[in-house]
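In the part that follows, the structures are each spelled out as structure tokens.
Presented sequentially are two complexes of chain A, the first with chain B as partner and the second with chain C.
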Partner chain A sequence: MADAVLFEFLHTEMVAELWAHDPDPGPGGQNMNLSVLESVGFRVGQALGERLPREMLAFREELDVLKFLCKDLWLAIFQKQMDSLRTNHQGTYVLQDNSFPLLLPMAAGLQYLEEAPKFLAFTCGLLRGALCTLGIESVVTASVAALPGCKFQVVIQNS
Partner chain B sequence: MAVCVAVIAKENYPLYIRSTPTENELKFHYMVHTSLDVVDEKISAMGKALVDQRELYLGLLYPTEDYKVYGYVTNSKVKFVMVVDSSNTALRDNEIRSMFRKLHNSYTDVMCNPFYNPGDRIQSRFVCLGRAFDNMVTSMMIPVC
Partner chain C sequence: MADAVLFEFLHTEMVAELWAHDPDPGPGGQNMNLSVLESVGFRVGQALGERLPREMLAFREELDVLKFLCKDLWLAIFQKQMDSLRTNHQGTYVLQDNSFPLLLPMAAGLQYLEEAPKFLAFTCGLLRGALCTLGIESVVTASVAALPGCKFQVVIQNS
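Moving on to the complex of A and B:
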């Protein structure tokens, strides 16, 4: 169980380091930091998207890929599965996690709601990277209604 | 033992291609290029068939008089193509499958290397970067005789 905590500490430190130099950077700096976190997550997601499905058979459709994200990817990183997956069958998926491990140590309820997006950027990038390796271009955003639950919205880009 | 090994990216350009230097390399490049059509055919055939399971190993793509070409597709649509000498009849399906599995494992390791940008050619110019991959392919291509 020590492995899970190592990643949590690393992630907390990543967020802290980016905001350490300028605690109130204004909207431009804020977006820049969030983009940095998201891109780091993207690269990690690309690598995981290659390594995790290795022993699995080929995915047949988009829904299979999303199910893989909710079950295998989440299990590998956070030792639990995603709590719910909803779709409108037109390219938008909402993944809901009722107790997101990276938000659990922070608070329970509405406290620190403004700080929550910083801790979700990496995971958004992770999802986007894994989808990209598996052949799906997408835009992933996250929203928090009340800690520690959060929703990730995946919108598939059809060219 | 393989005579030529190639890794083709999702967009159908080569990430890595290596053949035994005794032969005309261009011939192998051409064979790999033509085998891509067969790979695409097999993938689309798999998509249309109502089979529950889809395998990653594609099997023998096409035989020529001197060589046999085998294919393998990963979940990220990266294709591995291997050309084997026809005269080497001792090579069984299992061995080809295990060679592809080793190739897949090495490719995954390259992908997880943070100094590797996905989409670049796999070169062993920098010490850590393609060296392990290269060595693994070399071990597969050692001639039997």
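Moving on to the complex of A and C:
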């Protein structure tokens, strides 16, 4: 009964609660719920970022910051590292997790793919919030090709 | 950057999000928000309860279950034990935590006392959910006399 489980349960139930009162809220309601999750994630990411040791806030290179997220941050939150990090060297990064823990409770299957965004919005916000604390403005989106794997795309703003 | 922090940040932001759109929702709105937190806590508590080793589900005595919550469950969630457990031996238990972690972010001071219920509702639900999985129906309420200490009152139903 580790803490990681507690975080994952709380995340799952927070998602469920948002959709509980209206399981099919339409595109507008869906987007509002996703936006709530993203903003909660953003503030949690900011708070996590603020707890980083000072020396980590002095990263010189953007790529080092992204590597830190993929390795240390992911390990602290999900007890695993991101599986790969790619970049076009023009401010766009693709972070791939082949078995994303927050998607694991969903049964694998194409029919669940449309449910996936609910379980990714919080983490998109969390990445954006952590980057923000580290001085990098970004837009973070996520996509799923095959459950429980997913990709987070980070596009740096004004880089 | 431990997992415990992640859970606490997520809890704090979930509370903040509920009150964000209407900081003063009136008694009705306040109760609805508290009820949402309680029900999210209940389901998390149920889920935690379901992960307990089988032998723990075979507690014979009600008091043993309550001791388990005060010791093992609290330790797993908050990295500390409950400070005291009292009972009237008629189905009412008072669990006291002299420094409840989810209240710590609030500055100590009488003027914040009225904010405290927001930060206790989830945990009331969590206790009720864990007890439910262990086969005990209960009503759980919480009160604060001096921040960051608090008391959870568990009243067993049909005992």
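In the analysis below, the second predicted complex is superposed on the first by the 150 of 159 C-alpha atoms of A that agree within 3 Å, B and C clash if a C-alpha of one lies under 4 Å from a C-alpha of the other, contacts with A are read in each partner's own complex, and residues count from 1 in each chain.
Definition applied: a residue touches a chain if its C-beta (ideal position, glycine included) is under 8 Å from a C-beta of that chain, and two chains touch if they have at least 3 such contacts.
Source: prediction; values computed, not measured.
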Of chain B and chain C, which one touches more of chain A's residues?
C
Quick check on the superposed pair: does A:133 touch chain B, chain C, both, or neither? Answer first, second, both or neither.
first
Once the structures are superposed on A, label A:36 by its partner contacts, choosing first (chain B), second (chain C), both or neither.
second
Once chain A of both complexes is superposed, is A:58 in touch with chain B (first), chain C (second), both, or neither?
first
If we overlay the two complexes on their shared chain A, which of chain B and chain C does A:47 touch? Say first, second, both or neither.
both
Does chain B (first) or chain C (second) touch A:7, or do both, or does neither?
second
Check the residue A:17 against both partner chains and state whether it touches chain B (first), chain C (second), both, or neither.
second
Doubly contacted chain A residues - partners chain C and chain B
43, 47, 51
Tell me, which parts of chain C touch chain A in their complex?
1-7, 9-14, 16-17, 36, 39-40, 43-44, 47-48, 51-52, 72-73, 76-77
Can you check the complex and tell me which residues of chain B touch chain A?
10, 46-47, 53-56, 73-77, 104-105, 107-108, 111-112, 114, 118
Contact set on chain A toward chain B in their complex
43, 46-47, 49-51, 53-54, 56-60, 133-135
